[in-house]
Amino acid sequence: MVTMANEWLLLSPAAAFVLAALALFVIDAFAPEDADGGLLAAVAAVGGIAALSASGVLLLSGVAADGVELFGGQLVVDGMSLLFTFIFGSVTALVSVASVDYIRELPHKAEYYLLVTLAATGMSLLASANSLAVVFVALELSSLPSYALVAYLKRNRGSVEGALKYFLVGALSSGIMVYGISLVYAATGSLLLSDVASALGGASADYPGVLGVGLLMIVGGLAFKTASVPFHFWAPDAYEGAPAPVAAFLSSASKAAGFVVAFRVLVVGFPIGTIAGTLDWVLLFQVLAVVTMTLGNFAAATQENVKRMLAYSSIGHAGYALIGLAALTNAGGPGAEATVLGASMLHLFVYGFMNTGAFLFVALVEHWELGRTFEDYNGLGREAPVACVAMTVFVFSLAGLPVGGGFLSKYFLFAGAVGAGVPWLALVGAVNSALSLYYYSRVVKAMWIEPPAEPLGIERYPTALYAAVLTAAVVTVLLLPGLVVFDGIAFEAAASLF
Amino acid sequence: MALIYELTPAIVFLPLASFALALFFGRWMPKKGAVAGILATAGALGLSVVTLGWLLLSGEVHDQTWYTLVDAEMGVDLAFGILIDQLSAAMLVIVSLIAFLVHVFSLGYMNDEGEPGLPRYYAGLGLFTASMLAFVMADNLFMAFVFFELVGLCSYLLIGHWFTEDAPPSAAKKAFLVTRFGDYFFLVGVVGVLVTFGTAGFAGSEGFPALAESALAGETSVNTFGLSTEGWFSVLGLLVLGGVLGKSAQFPFHTWLPDAMEGPTPVSALIHAATMVAAGVYLVARMYGFYALLPTVLGIIAFVGGFTALFAATMAVVKNEIKQVLAYSTISQYGYMMLALGAGGYVAAFFHLTTHAIFKALLFLGAGSVIIAMHHEEDMWEMGGLKSEMRTTYLTFLAGSLALAGIFPFSGFWSKDEVLFETLVHALGGSPLLFGAYAMGITAVFLTGFYTIRMVMLTFHGDPRSETAEDPHSVGWNVKFPLSVLGVLAVVAGALNPVPIEMLTGAEVDFLHDYLYATPEALLTGAEHYSSLSSYGSGAIAGGEIGTMLVNAGLSFGLAVAGAGLAFGLYRGGSPARHTERLGRVQTLLMHNYYQDEYQVWLAEGFTVRLAAAADTFDQGVIDGTVNAVSSVSRSAGARIRQIQSGVVTNYAALVVLSLLALLVVFAILGGWF
Amino acid sequence: MLIEALVVSCLLGAAIVFFTPDRYAPKLAFGLSVPPLVLSLYAYVAFDGSGNALLGGEIAYETFAEWLQLGPYAVNYHVGLDGISLPLVVLSTVLTTLSILSAWTPIDDRQSEFYGLVLLLEGSLIGVFAALDFLLWFVFWEAVLIPMYLLIGVWGGPRRKYAAIKFFVYTNIASLVMFVGFFALIFGLGDAVSSTGMPAIAEALRAGQLGYLGTPTVGVPPDTLAIAAFLAMFVGFAVKVPVVPFHTWLPDAHVEAPTPASVLLAGVLLKMGTYALLRFNFTMLPEQAATLAVPIAAIAVISIIYGALLALAQQDLKRVVAYSSVSSMGYVILGLVAYTVYGVGGATFQMVAHGLISGLLFMTVGVFYNATHTRMIGDMSGLASKMPATATVFVAGAFGYMGLPLMAGFMAELFVFIGAFESTVLPAAPVFTAIAMFGIVIVAGYLLWAMQRSLFGPFELETDYELGRAPVHDIAPIVTLVVLIVALGVAPDLIFEMIRDATLDVVEFGFGGGS
Amino acid sequence: MVLETVPAEYYLVLSAAVFCIGLFGILTRRNALVFLMSVELLLNAANVNLVAFAFYWGNVTGQTFALFVIALAAAEVAVGIGIVLVVHRNFDDVDVTNATTLKW
């Protein structure tokens, strides 16, 4: 029996974000023009750290091992939600710290950090959302601040244009999604995932069309959040235009949020066993996964702009993560579904650090105003060796080389796909991964192999940015041996969904 | 076990030590390592003589594994062992004797002439000697192959001694490649023998010849890889024979030998007389117990031998360089030995091997002395009239030439006569095929006589045909001493086994015959055992064995004298004419060695190199092309795909909606909605 | 803990060297490469293992610790050595130390980074040979790529970027294919194994416990699965070895790589492929190997002959050696597929022998290059008169490559030939063997030809550089290699005994493993 | 009441029609504000369903959720207008097809 007290205890990670947001309101109200925003960043970072430590404690304490439903089942706190809240917390902390140097000269710092924390709040709610209504509300809560964040450099055409595209595609997608939700409601008469699941049997018999269209549209909305093809179009432009820390935030945390809700909605709300006859969403996700990873990686292969390359690569990684859903056929052996789904969670977990780090490194280079193309990175390794070692760790880990946790998580994913009886999916992933090695190594080549065109003239080394980048790098490396801390959690969390 | 057999390894290790010394410290050693080499080979000679003496006195043979590389617990074992029986003991003496004399001679040929790279030279000689001695005392085929190869390496190093010129390295490469080609078959044979019999031992009931014998007799069975037992053994025999033909420069692998004349003359002497070329024939003799089981292979050996003897002799007729003549004579003489072995004349073959070793070494050293005198001019047409200037050289050289020509009573006559006699007898004994081989051999006798005497006449007789010939460079003791030793031996060596005399007088003078028959039966490597294996019968003409002998002896002697006489007649007088030019086309053909080199060079460069070039093009174009194509295709695919991102947001919206519709339609059909 | 000490000492050394000024890096790196060398030699001397590590033998220096959980399978930290892996570990340490020495002359830029990467590479290589858990092994296997990529890319020749990325991506995609294939096997075993430990998997597979991948209704049946996995793994490793037609990355990589990198690439990295073939394909799936014996042997023979022909066609000395490596690796494949003690053992012996000999040749070519700044056979001739010592060792190495008796290469090839000839698994074994053996003639052909044109004859040099005698630290490693090669040629049982001991169980499988 | 006589399918058709109009507007109009309005149509199409089927199923879930959707629509427009303003400031127009500096 869950008492009131532990209910709030279980919500403490989300609460941490909310409190941080409120604190930022207050600070902004009393000290409107905080000069360098150090305090604001500190508050936001503390909020993130509090959230991640809270969720970490809850994870290890195991109180929520088999899921605790709150508010009449509207929210559920379980291993998966806590694991992802952990990701959101760490990404928020990293981004907030990094932003200190990035937006030092810019106005409206309070709003910036406020939006970040609010978006994080929405994400942590998404992780726990157990009803389509909450899903939609939390989705919007995390999306709307993101639109504004992308537009933060409001005198920069790229930033504004990115925001516009992000917003318009986002609005369209949310429209599609909510309409889908309404159709599912029409078919099942409920928005609560568990009730939806139990009503599926009858609904798919009576209104297969309504149900199918509805689910397909919901999947569309989720695909937007996870930047999966065909709802990915906003991603490259928004990531390239947005301030680099924001891009890091979106490509890591926001994407993860999309996946966590997708996992829950589909696995809990629409168990493939009962709905396969109406809409075989496993097949649907197989299509999406293949198209997404292929398009992402191939488009990334020929980019001139590092930031845009990372944007496309994050689409590719969305494709990998989709394997988690695409492999949920019953063709696998016992526990195969849990394995591959857990592997997908692990990958998103590691991805949170390595991808954030990579974008933050881009932020660092933008901070130095060296430019964004590969050529601009030439010879950087001699000017800023430490940061470049960190970046090397990020890209190689993204490429699946054993310098960081990305290696293990990616290969866990492929292994899981094989185990789930879809080895061909793993092979597609493998080919894509090899291609990704090509364009990731272009960064390394630029930094270490190519000589600089002219002296880069880097004089100042921003402390906060460095701190964030190095933290991300260290965590990424430690996650290679240290994945042992989280792998059990992930697989159990996945198993508890079925 | 006798003390001497404890010491036999030293026969190998002494020259080996001189190799190491000369290689690393030669620069600071007396005579740049020559002394060490001489002492080492002298020691080896001494030990070999003692070994031989002990063998003669006690009759005790020796066959023991000395060092195991890979022990047998999990398969065939690879080991070095020492087999001292009558054959190897005698061969040891020959090899170490020639090696010793060559070392001494080198003092005059290399040191006194101030040649470069002497330490390298003496190191090479040392290793050469060591390898050959080890090969001789090998007790199994594996060890034999190992040192067979090392002999090849040394010949490469020594032939290419003057590597800063163009010709020697090329000749060295050719020598190694051609013999390597033969050794390829040899190696396949060795592996085959190892796998078939599980051992490569030569001697004893555990040796592979014995096993093969019992297998043929059907007493035991071995894996013959689907062939008949005799068929498979014949294959093995022929494979090993490939190595023999290569090293012993038998047709068609003979082409490397004349080129090998690019090496220093003492090296030629060593190669031709006692080491490399002898190795091939010795190997056949060594594993004669195996070949004797295979009549087909024996026939092939005999034919190849006979043919080579004639074939090489014809080419020797027209050569102008003194060493070229000698080179072709070597090929021809080893042809005789092969003929003898193939025709079942085991003793005769070894007899000829012995005498030939002596007189061929003598001839080369003599030629060397002439070359010193002529300031390294080798064309006989630039010589002439040297006999007055260089007495010792002339006399010894003459002795050697007469031996080579097979003139009674010089050593060569006895051995060659016995070879032909054995062939004839066995041919008469129901192996008519041997008549062909015999015919070729007997014809070659005439040619041998001719070219030998032609060489002597052109070199030493007549008037000097050049300034250097008028005032030749004088040679020292270190040249004359070896010549004298060999000269004497060349005259008397025939006494080792004068079979005709025994037949006529009945005196027990066929010492070598008895000696080789004295090998203990246990080893199964004695001539007696071989004769028991031999499938050849014996026949006779002109009233019995003696008659046959007389006919054959008369024939060979007559032909030899005829050839010699013809040469003497043609090249007599002050300034003889170039008579061979009268041969016209034939001469050009002979001069070009029947275009043997041409087709082999074409095989190597014209064919193989072109094939390699084609393969390279294929590799770069097709295989690597595919690899690069894949990468460029995927990159251009990427460049295409990114075009979807047009940058116009309404297009994005349109694409989103359209793809959603597409999915809708597809899954509507799959899901059977509506 | 000895293996941990080995790896850690390498990584620690790498870290230290990274942060030392270029000035001191070379000597320091050499010094830091000695402890691993000594440790590995101690491991060799004190070796007390027996049998095959994957097939229930006594594993030496074994360490086991629990690590990850991949769904139903435990991923453990499990390392140890047996008679097959120990010689390769020693080979790695020896070659690393020598190649560091050989790098003193050619590497004159960013030394600390260079030597750091070399030590990093050494650590990963040791890990590859020591790991006994698949995923742990795979970590090291992939880790090797990074330092080698940078070594080629940063310090390589004119086309270094192309060569580096080609090597990087080509071998990476190969490992990915292999990975998928192998995990198909693991999941096919289902509950028969509870971890990704290689010994458990090997035992289970040889015990024929392979089941359906997935469910019997929609899954892949065991036979198909086994063959498919075998092929996937074979292709994956074949790229690394490399065997024709997956070899084209090798010449590019070798030509562009700096000498020390070439030494390690040819000396050890190629052996990773053959080692993996032996450990995975031929140890775990003997039946499939027997089924595919003929095509595999055909590939081996083609690699031998075709590779040798290609070497014959090259002008660049490094390309010559590179292609001849392809040829030599063919012998290894032939020996493996023979499934006899001499065949598999000989293959392993050939890995070591070729490691030493190819290292020797690359180093010698490097010394010539340092002096002449060209590797084109056409550009030079008569070098022997100017650089006698170097020429001598080059000749020695060349004859070693040609399989001159009493040198390691000959023994290796002889073992392989005997093993292949007597093979009962491979149909028409003698024919395959005989064709393969013709390689020894071609190899003699191109090496003698190359030597004749470059070393001998009158001295000429297109590039105008002053030729002096090579410094001692260039010659010393080469001489060391010559000594080792002769030692192994005269006393092969130095390592062949433990190799055979570890090989016995591999070949003992239904088809009696020959003699 | 009148609702009993109207079958649920009609509401579906109605909402679908509204939804399609919205989509049509999004695909054809280049003016950002019209784009926003079209999005409103999409959301309201959903609302129609929600309210109608709340009645159909006899629970208030749909109606409640409809209120949420309306609120969120307002918030969305607020953010949207803001973005449109900065777009206008940077590109001197509210034509969404003008901003094409980021592509490929």
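A, B, C and D are the chain letters, set down in written order, and residue numbers restart from 1 in every chain.
By our rule, a residue touches a chain if its C-beta (ideal position, glycine included) is under 8 Å from a C-beta of that chain, and two chains touch if they have at least 3 such contacts.
Predicted, not measured: the structure shown is a model, and the values here were computed from it.
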{"item": "Set of chains whose contacts include both subunit C and subunit A", "value": "B"}
{"item": "Which of A-D and B-D has more C-beta pairs touching across its chains", "value": "A-D"}
{"item": "Computed distance of Cα centres, subunit D from subunit A, in Å", "value": "26"}
{"item": "Length of the line joining the C-alpha centres of subunit C and subunit D, rounded to whole Å", "value": "65"}
{"item": "Rounded Å distance, subunit B centre to subunit D centre (Cα mean)", "value": "98"}
{"item": "Subunit A-subunit B separation of Cα centroids, rounded to whole Å", "value": "78"}
{"item": "Shared interface positions of subunit B, touching two or more other chains", "value": "631, 642, 645, 647, 649, 653, 657"}
{"item": "Two or more partner chains touched - positions in subunit D", "value": "26, 96, 99-103"}
{"item": "Subunit A: positions in contact with at least two other chains", "value": "164-165, 168, 172, 176, 236-237, 435, 438"}
{"item": "Every chain pair meeting the contact rule", "value": "A-B, A-C, A-D, B-C, B-D"}
{"item": "Residues on subunit B engaged by subunit C in the complex (per definition of touch)", "value": "69-71, 74-76, 78, 145-147, 149-150, 153, 156, 160, 163-166, 168-170, 173, 176-177, 180-181, 184, 187-188, 191-192, 194-195, 198, 223, 225, 604, 608-609, 611-613, 615-616, 619, 623-624, 627, 631"}
{"item": "Contact set on subunit A toward subunit C in their complex", "value": "329-336, 338-340, 342-343, 396, 400-403, 407-408, 411-412, 414-416, 418-421, 423, 426-427, 430-431, 433-435, 437-438, 441, 444-445, 448-449, 480-481, 483-484, 487-488, 491"}
{"item": "Footprint of subunit B on subunit C - complex, ascending", "value": "166, 169-170, 244-245, 247-249, 306, 309-310, 312-314, 340-342, 382, 384-385, 399, 402, 404-406, 410-411, 414-415, 417-418, 421-422, 430, 433-434, 437-438, 440-442, 444-445, 448-449, 451-452, 455-459, 490-493, 496, 500, 504, 514-515"}
{"item": "Complex interface listing, subunit A residues touching subunit B", "value": "164-165, 168-169, 172-173, 176, 208-209, 212-213, 216-217, 220, 229-231, 233-234, 236-237, 277-280, 283-284, 287, 295, 298-303, 312, 435, 438"}
{"item": "Contact footprint of subunit A on subunit B as seen in their complex", "value": "631, 634-635, 637-639, 641-642, 644-645, 647, 649, 652-653, 655-657, 659-660, 663-664, 667-668, 670-674"}
